[in-house]
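In the two assemblies presented below, subunit A is common to both, partnered first by subunit B and then by subunit C.
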Partner chain A sequence: MELKTATDSQFQAKLDEQKDLQRKFLKRIVLIIVYVLLALWAVFTFVPLLWMLSSSFKDSSAITSVPPELFPKNPTLDAYKRIFKVGGLGRWFLNSTIIAAVSTVINVFFASLAGYAFSKLRFPGRNAIFWVLLASIMIPGQVTLIPLYILVVDTFQMENTYAGIIVPGMVSVGSIFLMRQFMTSLPSSLIDAGRIDACSEFGIFWKIILPISKPGLAVLGIFTFVAHWNNFFWPFLVTNTNSMRTLQVGLTSFRFENLQDYGAMMAGAVCSAVPMIIVFLALQKYFLQGITIGAVKG
Partner chain B sequence: MIDDYGASAFWKVSFKGDEVMATSVEKQSHWGENAKQFLKDYGWCYAFIALPFLLFLVFTVYPLFSAFIMSFQEYGILKSKFIGIDNYKYLLSNDIFWKAMKNTTIYTLGTVPVNILITFFLSLMIFPLNRRSQTFFKASFYLPAVTSGITMSLIWLWMFDPTQSGLMNIVLGWMGFDQQLFLASSKSALFSLMLMTYIGGHGSGVILYLAAMGGIPKSLYEAADIDAASWWSKLKNITWPLLKPTTLYMLITGVIGSFQVFEATYVMTQGGPNFATTTIAFLIYQHAFQYYQFGLAAAEAFILGFIIIVISILQFKYMASDVEY
Partner chain C sequence: MAEVKFLNIVKQFEDENKGKVFAVKDASFTVKDKEFLVFVGPSGCGKTTSLRMVAGLERQTSGDIYIGDRLVNKVHPKDRDIAMVFQDYALYPHMTIRENLGFGLKNLKTPKEEIEAKIKEAASILSIENLLDRKPRELSGGQRQRIAVGRAIVRNPSVFLFDEPLSNLDAKLRVQMRVELSELHKRLEATIIYVTHDQVEAMTLGQRIVVMNAGEIQQIATPEELYEKPNNLFVAGFIGSPPMNFVKARLNGNQLHTASYTFTVPEEKLKMYKKYDGKEVIFGIRPEDILSTKLMPSVPDKNVYHVNLKVVEHLGAELLIYFDIGDDQLTGRVNADAKLKQLEPTELYFNLNKMQLFDPKTQERIY
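And then the complex of A and B:
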């Protein structure tokens, strides 16, 4: 009797051990499958970008050759020459850089100034004004589009100018919201210390608030730059000369003027995408942080 | 004048430090009738928000009212004629408008839920990995999102090329399928535009989901383990319900975005073939800037705005009703 129970429990222990091993094995298999799936999906999402890169280095015959060349056998820069010479990419690139840079500086400065006022200063109507501004985000751009167009092009005569492209989006409500969210978490004691030291209100903002807000400013600056670099619709509406086009507008017009020149289109696409990819890889940390700041309700 | 939040926050600060005296003196002057004193107290504050507020008045409030009036007019550069609700009447009886409505709805229903599910399952797979792998996959999935809509549209235009040099047709050929027309056929054009959204562009959603998953208390899963709950039951009863606020956020922003889809249609199909990919936003653009029917386009934009706001409210009500912690 006693002997029997002993073997029973031994047997049970062995069984448990085996089960445990099985479970560990299963877990490992699942983990491997997960990694493979994720890696496959990542490769999948890179395919369009890789195809763009590969096509941009093909000559006119290689791009339509049958069977297709997945990677160019004789890589050339012909397509890049065409998008620069026929299209005028150099000028578009310059325009996009200027517009994105100026928009970013103005946005970051005024949005943090307003964000500071809305989060740390107290004045009559503060919250009412803030919520009215915030509610305006809900209005789709199409609704205000036509009067905005008439205002900028006819009333202010700003067609084909940098000002016409930049001014309406100079300080976005989204940026103010982001900075307000960020600055709410800054310690108020620093501001009081500034007041005691008889700093002016702007002095407090400039000398105390801005320096400690650098991470927030970086996030806002990066996102604003990328957004303006990639922006299409508004620059498209207020420009009609090739020399004033931005990169996105220029590429689109090139596509309709040279319907079949996919090589040059892809070369242009590379020039538009690669700078942003480099910015992303260099400042990854800020990108990944920034997405969660913007989405938190406040 | 000071609203609830402002007042309570004001007092919180004043009790915290050793400057109770200083703030209470300041407080008395808040109620001063003297405009000079008011300016001295608050002038800076208003100066700080002056530019954004001015821009808001000029570039949002004025256009909003102006567009509203315009939607009841037959707009002309020199003289506009008031025509009541004729623009709205015309649209509601116009076949192309309804076709655009249908296309936009199909596009939204076919992309937003699918992409949220893809995002959810990607996040679910990434979450248990170690930090380094997490960051790696987050970055890889986010990367395509820094390229512009125009760039992506050009690439996909080329990938969808109906000849045998298009990448999609090359791949179909490998798998033994027939060549497809993709964007060139009214049967497959809209679906091709939808397909484009399934690949890439899940990065920011993944990051939001992962952040939210990190916030779910571990004890819930431990309790479920004690009850020997299955993987599926934990997913259904813990993870998915607790991620509802994130899902709601992605649903609302996703629907708003897809109702306004424009760039892909403009670059790739110009609304064709045979209006198969004409979306509302594209139709507004056409009416406004190709035919210069400003009044009609404004009416259309208000209908779009109305739909977007109603959908957002409905989603919020429906989804928020059973979010509980």
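And then the complex of A and C:
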């Protein structure tokens, strides 16, 4: 009898072991599938970038050659020379930098002010106003584009100026929403403590709330910078001279009636992407944080 | 230093679901100069709201608040000459401890040397000198608590406000900080208003205690008075741990009839209860006034009964015993030497010299 139970338990152990192995095997299979899918996705997103980079070093015949060359046989910097000399890429770069930087600072400032008010201050109609603002996100940009154009160009006479590009984008509801969600998670007792510590209302915002909101501000800053750097349509609408063009707008000037200078466009795209890639690599931590901000409090 | 006066204070909140809610209903009282006054009550009773109204963080719906001789209804918190310690400490996470302590004074444009001197003084009182250059996140809960107190001390206010400052600490540290706060009060000779939901904290710290429930002040009294002469059923049940036992009873002459037992009321008490002769009352007796006859030199001739113990809890020096009278469960606290056992019958003496009777309708104590 005893012997039998011993074999029973041995058998059970064997069975458990087998099950364990099966489980491990399954886990490994799933992992392999996940990695293969991720690798495919990485290739899928990386190839166009690589293509852009390699094309920018090709001469114009190599770009359109069949079969396509993934790596240029005779690498050349002609395209880069062209965009700097003919196009004025330096100027566009400067324009893009100024516009994206100024827009970012203004956006972050206003969004954090509004976010603070909506999350921490008590005033009549607070929620109503916030919901109206949120609802306005649902209005497509195309609907307001023409009125906005008339306002900026005809009424305020800001065509072809930095102000014309920056002013309409100084505040965005999305940014306000992000900052509100972030600031809701900050402890209100800090604000009370600030009041007792003789801080003015703006002082509380400036000396207490802003410094502890750095992670939120960084995320918003990156998002806004990237959005304004990549913005094409609005700067395209309100600028009409080469010297006022931003990088994204400028790149289109290498597309002519029947002819497209792919080399120059690719070189320009590389120049436009490099700052973003640097920003991303440097601030990757905040980028990833930004994806979950607002979703998880605290 | 100063006294704080509440005159007919009402605070109403607009609640989305319940409509208008009273957080504080017509509260009037005076906190004496240099007094340690404790607000105690269950959560949502209006004690923190009262404190925040003193601080100026909350505006009362009606009524007047005086700090010293000054009407402060419309005075900004910074000008009220108060300092507050928050439940979650509310230390500024991006500042060092030194900056945290000096922040208020800096905002008040105090000269740098004076700020530094005050920080030093507060740091030595609380023995936190070695923490001054750290950030709050590098400190333990107890240390943060001290810094929060330090931030109040440097302001040298007339009135200190404490909002449940010990509730985030573990039990051992809480006892230690309780002693320190008591000492601090003696040392600073300041008026202190302290809010807690913990009646032990209230009893040990407060010179006087304000018991609140549902926005109403139930009683303002010294700890001894609250314990011996509670105004009503709420106070009697809230103060004391385990709480006072309540049993439905009927008074007939000097006989108090409950569902299972008939108690004899002491002569000297009967005078107070004359009006309730023949009426329903609620009989209150504290757990420590129920004694095991095993430890008495001689068994008294009255108010001794056999009971079946449902549960016996061993607390070391004492036993908590649970038994029923009719539908009411009673708790007794007896010396552990009585060696009482669960589910065994035992003989208990009810010391009615310390009994209380309450009116079942008004819930007020009969006296």
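Note that the second predicted complex is superposed on the first by the 252 of 298 C-alpha atoms of A that agree within 3 Å, B and C clash if a C-alpha of one lies under 4 Å from a C-alpha of the other, contacts with A are read in each partner's own complex, and residues count from 1 in each chain.
As a working rule, a residue touches a chain if its C-beta (ideal position, glycine included) is under 8 Å from a C-beta of that chain, and two chains touch if they have at least 3 such contacts.
Remember, it's a predicted structure, so these values are computed and weren't measured experimentally.
Trainee: Should A:F25 be classified as contacting the first partner (subunit B), the second (subunit C), both, or neither?
Mentor: In the superposition, A:F25 touches no partner, neither subunit B nor subunit C.
Trainee: Tell me which partner A:W206 touches in the superposition: subunit B (first), subunit C (second), both or neither.
Mentor: So A:W206 meets neither subunit B nor subunit C here.
Trainee: Figure out whether A:L38 sits in contact with subunit B (first) or subunit C (second), or with both, or with neither.
Mentor: Touch partner of A:L38: subunit B, not subunit C.
Trainee: Quick check on the superposed pair: does A:F11 touch subunit B, subunit C, both, or neither? Answer first, second, both or neither.
Mentor: A:F11 contacts neither subunit B nor subunit C.
Trainee: Can you tell me whether subunit B or subunit C touches more residues on subunit A?
Mentor: Comparing subunit B with subunit C, the partner touching more subunit A residues is B.
Trainee: Going by the contact rule set out at the top, does A:P187 touch subunit B (first), subunit C (second), both, or neither?
Mentor: second
Trainee: Taking the superposition as given, does A:W131 touch the first partner, subunit B, the second, subunit C, both, or neither?
Mentor: neither
Trainee: Just subunit B (first), just subunit C (second), both, or neither: which does A:A117 touch?
Mentor: In the superposition, A:A117 contacts subunit B only.
Trainee: Regarding the shared-chain residue A:P68, is it in contact with subunit B (first), subunit C (second), both, or neither?
Mentor: first
Trainee: Just to be sure I follow: which residues of subunit A are touched by subunit B in one complex and then by subunit C in the other one?
Mentor: Common interface on subunit A, subunit B vs subunit C: 189, 192, 196.
Trainee: If we count contacts the way the header does, which residues on subunit A are in touch with subunit C in the complex?
Mentor: Of all residues in subunit A, those touching subunit C are 187, 189-190, 192-193, 195-199, 203, 208, 211-212.
Trainee: What residues on subunit A touch subunit B, complex-wise?
Mentor: On the subunit A side, the touching residues are 31, 34-35, 37-38, 41-42, 44-49, 51-52, 55, 63-66, 68, 110-111, 113-114, 116-118, 121-129, 133, 136, 138-151, 167-168, 170-171, 173, 176, 188-189, 192, 196, 200-202, 205, 226, 229-233, 237, 248, 251-252, 255, 262, 265-266, 268-269, 272-273, 276-277, 279-280, 284, 287-288, 291-292, 295.
Trainee: Contact residues on subunit C for subunit A in the complex?
Mentor: Residue list for subunit C touching subunit A: 52, 55-57, 76-78, 82-84, 86-88, 90-94, 103-104, 107-108, 151.
Trainee: Where on subunit B is subunit A touching in the complex?
Mentor: Residues 1-3, 5-6, 9-10, 13, 16-17, 19, 41-42, 44-46, 48-49, 51-53, 55-56, 58-60, 62-64, 66-67, 70, 122, 125-126, 128-129, 133, 135, 137-144, 146-152, 154-159, 161, 163-165, 167, 170, 199-200, 202, 204, 207-208, 211, 246, 249, 256, 259-260, 262-263, 266-267, 281, 284, 288-289, 294, 297-298, 300-302, 304-305, 308-309, 312 of subunit B touch subunit A in their complex.
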